[in-house]
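Chain lettering (A, B, C and D) follows the sequence in which the chains are written, and residue indices restart at 1 in each chain.
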Amino acid sequence: MAARRKRKAKGDPLRGRFTVEQHPALVRINRSYDVDCRMWPQDIAGSIAHAMMLGDTGIVTKAASKRMVKGLQKVAAEFADGSFEPRESDEDIHMAVERRLTELIGPDGARLHTARSRNDQVATDVRLYLASAAESIELNVQQAQRALLALVERDGAFVLPFYTHLQRAQPVVLGHGLLAYVEMLERDLQSARYELDECPLGACAGAGTSLPIDRRMTAKLLGFKRPSPNSLEAVSSRNDIARVLSGFAAIAVTLSRLGADLVLWTSSEFGFARLGDGVSTGSSIMPQKRNADGAELLRAKATRVTGALGRLFEVQRGLPMGYFKDLQEDKTALFEAEDAVEEMLEIACAMLGDISFDAARMRAAVEDPTGYLLATEAADWLVRQGVPFREAHEAVGALVSAAEAAGLGLEELPLEVFRRAHRKFDEDVYKVLSADGAVRSRRVLGGPSPAGVKRQLARWRKKLG
Amino acid sequence: MAARRKRKAKGDPLRGRFTVEQHPALVRINRSYDVDCRMWPQDIAGSIAHAMMLGDTGIVTKAASKRMVKGLQKVAAEFADGSFEPRESDEDIHMAVERRLTELIGPDGARLHTARSRNDQVATDVRLYLASAAESIELNVQQAQRALLALVERDGAFVLPFYTHLQRAQPVVLGHGLLAYVEMLERDLQSARYELDECPLGACAGAGTSLPIDRRMTAKLLGFKRPSPNSLEAVSSRNDIARVLSGFAAIAVTLSRLGADLVLWTSSEFGFARLGDGVSTGSSIMPQKRNADGAELLRAKATRVTGALGRLFEVQRGLPMGYFKDLQEDKTALFEAEDAVEEMLEIACAMLGDISFDAARMRAAVEDPTGYLLATEAADWLVRQGVPFREAHEAVGALVSAAEAAGLGLEELPLEVFRRAHRKFDEDVYKVLSADGAVRSRRVLGGPSPAGVKRQLARWRKKLG
Amino acid sequence: MAARRKRKAKGDPLRGRFTVEQHPALVRINRSYDVDCRMWPQDIAGSIAHAMMLGDTGIVTKAASKRMVKGLQKVAAEFADGSFEPRESDEDIHMAVERRLTELIGPDGARLHTARSRNDQVATDVRLYLASAAESIELNVQQAQRALLALVERDGAFVLPFYTHLQRAQPVVLGHGLLAYVEMLERDLQSARYELDECPLGACAGAGTSLPIDRRMTAKLLGFKRPSPNSLEAVSSRNDIARVLSGFAAIAVTLSRLGADLVLWTSSEFGFARLGDGVSTGSSIMPQKRNADGAELLRAKATRVTGALGRLFEVQRGLPMGYFKDLQEDKTALFEAEDAVEEMLEIACAMLGDISFDAARMRAAVEDPTGYLLATEAADWLVRQGVPFREAHEAVGALVSAAEAAGLGLEELPLEVFRRAHRKFDEDVYKVLSADGAVRSRRVLGGPSPAGVKRQLARWRKKLG
Amino acid sequence: MAARRKRKAKGDPLRGRFTVEQHPALVRINRSYDVDCRMWPQDIAGSIAHAMMLGDTGIVTKAASKRMVKGLQKVAAEFADGSFEPRESDEDIHMAVERRLTELIGPDGARLHTARSRNDQVATDVRLYLASAAESIELNVQQAQRALLALVERDGAFVLPFYTHLQRAQPVVLGHGLLAYVEMLERDLQSARYELDECPLGACAGAGTSLPIDRRMTAKLLGFKRPSPNSLEAVSSRNDIARVLSGFAAIAVTLSRLGADLVLWTSSEFGFARLGDGVSTGSSIMPQKRNADGAELLRAKATRVTGALGRLFEVQRGLPMGYFKDLQEDKTALFEAEDAVEEMLEIACAMLGDISFDAARMRAAVEDPTGYLLATEAADWLVRQGVPFREAHEAVGALVSAAEAAGLGLEELPLEVFRRAHRKFDEDVYKVLSADGAVRSRRVLGGPSPAGVKRQLARWRKKLG
């Protein structure tokens, strides 16, 4: 149970006409400092821009403006070196910064909130934060992409099955499979980018102000393209955050799939990969265990990100236009998603940096004669002889049945069996029935041939440096 | 209970080596024709491009290619005029089209699926569909925006309170509030747009093909910028759909908020608006009722869209790389979201097209002397006299307390009471204490002044024609 | 685009004082007949009980009451034999039944809705439906449990690894693993049961009625324990549905896990099981494929059920007390969840009824010397000699390392290596190092020993007949 | 960025055969101590029961058992008085307790984990915790119910409209509306209860143990009814938590609706209620504001609970049988939901304890002549004269139209207008056209008559003491 905190109505800048202390339950549920204090750089940057504008427009004196800016820089320094001391009465990061500023510079601190409301202040802070979070995620995704590329370079030529429905389908090279993740992450990143466009600052509580502020100046100082065109919209919507979170969710889902592959690959049954000791875990009871906890958590933690996105939408759903306290939940959603993705990227990079692949096990899975991974090659061979695809598909289906019944691989069947399946078969067909041949022949753009993979790799190396 | 459908293994193009009929439960759960048949235009367009390419590259003869194209056009015509007859054995739209094609043109139909799999086919269909759905939603959002603009033109100058926390905050004009929705929808639309960039066709099951297809040609024919660079990625990820659905979800959430406003505005307590009889509903028991069912459903139906997005992410989460049948659920999610948003836009336009506003009720809400909507004006007046904002805020807080205790409006208080709250007050303050004055004075960019609203309206009229 | 439907205001029982036709968009979004018509048995049962009560209390004449009951029975017969013809103007099942009743019996039909509102009517219908849906799901879950028991009987003694983290952990018998699903489903069922307790009928729109109805009578006639104690609550909450849906979600999640096991077991890498041809699917391109689509859909369709539950909660969240049209979405959620679970149970039963297990592959996975599944046996052996568990755990960890380095199984290591790991080891330890011995020795209650499994099976056979 | 923590492989009880330090990213993502330390009472209780059983069965000596029990009690005392010092190397609460125990009692501490795994340990801890959390929530829900009952006692007789579709429907008394919440919470509680039935302890990693443990003893000592019947099920499923969370979600959704009512009631437009200063908040810019932040957060925080439930299901969905690290996310979901509901109940009680109602505003809303809340009374009056309900409904609809056109209330219309609407009307009808009369006449069981509300209140007072 949290200790009951007392809060004096007297002197509390928000409780103007109230004469009674706030109920501790309200203090507790309302206080967001522990959540939003991570936005201190954005909050102070926003306040500095605002203070400069107040001076520039003559709403406060140049001297007062300068004192505010200097004071805010001092507050920022305190946050940066860890010496900032929050008080229990600091409801949120915004009140904490202003409270400290007033302690440092005296009465001019009380001028900072002129022509501003927490509504536009928080909307501005969040967009600034969003841009910075998106950039940080992007850099870390690129780290994961580089880790994948390093593996492509090292082991990219290993032949293994690719799977559909978890059934072995056709031979590919490992590099092709790893590059698929690089590409998926790239597309996901496109959704996760955030450019500062419309600056909410100056929307005040939602109806602007009659004081002669200069919204273009603050927008420009903070790196936005322009002021937001409607003050009500500016404080009401959190769909910007949702847009970025949907990108984060896409990244998380892709990482969850990588996690699923790592779990499979490191199982005894697949045996394609082995994680290093440093990224493996043991069991509290079974001394032999070598678990891929990190990979499992990639699957599970992704639910935090998709869940946060859902929550962000739901919090807004059904709210009338205007600012509502419900929107306070936007930040818990954003930060939970951000932290989960960062954590996931960190563990993914660690695992990708300490994994070895077992070329022999992979090849054995491809060459298992009863896997029939080359059936499509036989069908395509028939197509090249002019046989309609569906006919070829059916013929090879029959061939596989025959081979299965005999417990043999396709390549082990005598030509007469081939002939019985389709009269167009001749000796030549055996030439395409090899894993390496099959892989090499798939020279199609985007395909899994070693040459194609090399081209993809080169392109990515250039891109990611 | 659905009637048990029989399915002959014999002649079924997918059941190659199976000798037993499919279990009716599998037939039932697997069959997606009723869901995906709406993609017939995309499926046939994709097949036509594929058939042209097969002829162009010599994989089939020019004559066969032409027959396929002509046949496909005939199938399209059947869909268009409603004469296409699906069979119970048509598992999905892809098999239905190919089945019908083969009926129409004979053996060449069996060549269509050469160098193609349903995996790349469906990925291509879905992206084509996505682009078309996004465009359709965009047009309908613009209809809703136009409906809002028409109201701004007609009644945009009415003065009403804007609300934060559902408490009256400050006076604005109605046009400002309606334009906020126009802006929100515009930002939402940015997330909902979809441009065809990477074409999956040619990825086949995920490992490409050894046949000499030309992926650049099909990509170009279908309006994509280029072939997708990795065949595995091309068939594995549905995050493209998620990106668009997150835009749809944003639109739906914005419409749900408009719905919430309509429910409030048409309540007796607010009394700001009245929906026409054509968009009002009665009660099965209370003869006097005039309900805004449509507005309520805007709130509730939005959960379908946010839910579909969540489901789309979850279906993919934890899947290894490759194609899995799980991904079949992508389309139910996409279509459910699309239908819900279309339905919501339709009813929103209907309501916005048949609503009247009660200027007197709105103004009364602003001018209610005990609402103190002009308190901020008084505080800003003090700020303009050089009083620090926090000091002004506290002084006006005390003033409101005094007025409340006396049951008077601020403007009804004698000057001496103002003076007691802050010694800087003088007669001039009464000039800013009027709703119209307050609105007019908020000339700030993006603010609610009539002049500002006119500028916003002009910009939008130009944009939306 | 749906055809625009015309609706005459004239004669529409709900549009009392409205003089204008309803806008087609409103007709479309408001009409729920296609969704709720499946509740016809419940709706008619409720109406019959209501009509009987109206007669019994003298609110209508006995004769009128009898005519209504007879007429309603006729309507029910029409639904049952498929001859009922809905009209476009039937907004929902309730209006459709009353409309048809009035056609059949004339003016007395117009007396049915006396002292009733659609609000209490639909709340009653839904609870009756819920009870019936829960019962149907229960019967089908029991079918799935029986299918599992049949497999336990047939192949329950096969030895295979159980897995934690998808790493082979210890040997168990297959029966143990299958019975785990039987138990999980049983616990899930506990959440999915629904008993009729409080009957909403008589709550009317939410404020009861001044007519002298007998709520105890209708409650009893319909099988409820008592009338609901508060008329407002009775029409406002849908949390009853949520309770049952959370049980359905639990069942769906358990089935999704069974699906995941089936996908793994039928992979080439595991090779533990093979689905019959009738429940396997082929590929449109790869002739050799034998996919477990049904098992994959068990995973994916579960998202519909969890999603429906989430949607049901969200639709209610933030609604004030009272009936709102938002609640119309309760039924789409309920029916979607119900249908998905029914479909999942059907396919699960089909697959469990046509699966064979490969005892040799399972045993090989257990006995793979480098799997070290018996490491815990060695540790427990040490514990039995008085060695503290952590010390034993560490010693066997070292032993596994030594064995791994040598490429040998534990049982292949010479005693001196054991001794080096821990001096308490002696010859006896080799006796516990066998899979069969390990399984047999786990006689603990609930454990995987063949004897324990037999006991569990017997208990279940008795329970499920 | 969290400081990189070093972790020695040496001496770490879980890293048996690993020779390399764990990667800091793995340490970080894997460590759950900060989350699960709140389960210390349950973890230690479970360990004490286990230690007693180990002694009782002779698996360890009686003396060792006693030392363990004493040591564990000492650890518990340290947690209770806040002196327990976790180490960075304590991965979770389980390892922390065992580590400390071993420090306190030496080598016997290493015997505690005999015949136990963290898998069954955590499953047991969570069920114990669940029972305790459910009980705590129940007590707090009862507090909220009592707060509602106190308001019913004080102001329950005030007359106000009840709403459907947010349109005034019929007059009720406030007590009826507040009791509806009492009833809804009661039904929700039914889903949120958790009784300890099957004890997982002894399932070990999932395959039981060969050591002669006594599961019945530990189950009984911990308050369970019996040991769980299948060791694999015992460690695999988290649907028990989901069951309780669905109850928590129901409570949260009901509270969110109360929040919505409070927001409406305290708006200027409704004006039905006023929250005390202690539970109201001000604005950073508008000195007059009196916001119901707590009520808004009731709406928004409910998304945490519904979200946690969704996440709990999703984390399990698609996992094969057995324990997976994914399940670690169960506790974050449980604790997040529990904390949110506790916080919501606390603020709800605070607001209900400091609210005043405005009887005059409520009555004015009922008696507003143009609200036509008594239309149903007029219709029911006709029904009592033998007019079929639909005919009466239509007649009164016409009457409302006429009254609306004339700007009059129903009761203000002359009898001839009534007669024109329906010839059966006579002077008597005016008697039912009063709010108080209407409310009093609704004597139906569960209805809003003052007498009925008194009976409900008495029943609840007896129940809740």
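Quick note on the criterion: contacts are C-beta pairs under 8 Å (C-beta built on N, C-alpha and C of every residue); 3 or more make two chains touch, one makes a residue touch a chain.
No experiment lies behind these values; they were computed from the predicted model shown.
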{"item": "Residue-number overlap at the subunit B/subunit C interface, same or different (half cut)", "value": "same"}
{"item": "Option in B-C, C-D or B-D whose residue-number contact pairs overlap A-C by over half", "value": "B-D"}
{"item": "Mean-CA-position distance for subunit B and subunit A (Å)", "value": "23"}
{"item": "Subunit A-subunit D separation of Cα centroids, rounded to whole Å", "value": "32"}
{"item": "Sequence positions of subunit C contacting 2 or more other chains", "value": "13, 16-17, 113, 119, 164-166, 169-170, 205, 264, 282-288, 291, 293, 296, 299, 303, 306, 310, 314, 317-318, 324-325, 376, 393-394, 396-397, 400"}
{"item": "Touching residues (chain side subunit B, partner subunit D) in the complex", "value": "164-170, 263-264, 266-270, 282-293, 296, 310, 314, 317-318, 365, 368, 371-373, 375-376, 378-379, 393-394, 396-397, 399-400"}
{"item": "Touching residues on subunit C, where the partner in the complex is subunit B", "value": "9, 13-26, 28-30, 94-95, 113, 116-119, 204-205, 276-288, 291, 293-294, 296-297, 299-301, 303-304, 306-308, 310-311, 314-315, 324-329, 332, 343-344, 346-347, 349-350, 354"}
{"item": "List of subunit C residues in touch with subunit D within their complex", "value": "13, 16-17, 59, 102, 107-115, 119, 162-166, 169-172, 176-177, 179-184, 187-188, 190-191, 202-203, 205-211, 213, 215-216, 227-237, 239-240, 242-243, 246-247, 249-250, 252-254, 256-261, 264, 299, 302-303, 306, 309-310, 313-314, 316-325, 376-377, 380, 383-384, 388-391, 393-394, 396-398, 400-401, 404, 432, 438, 441-449, 456, 459"}
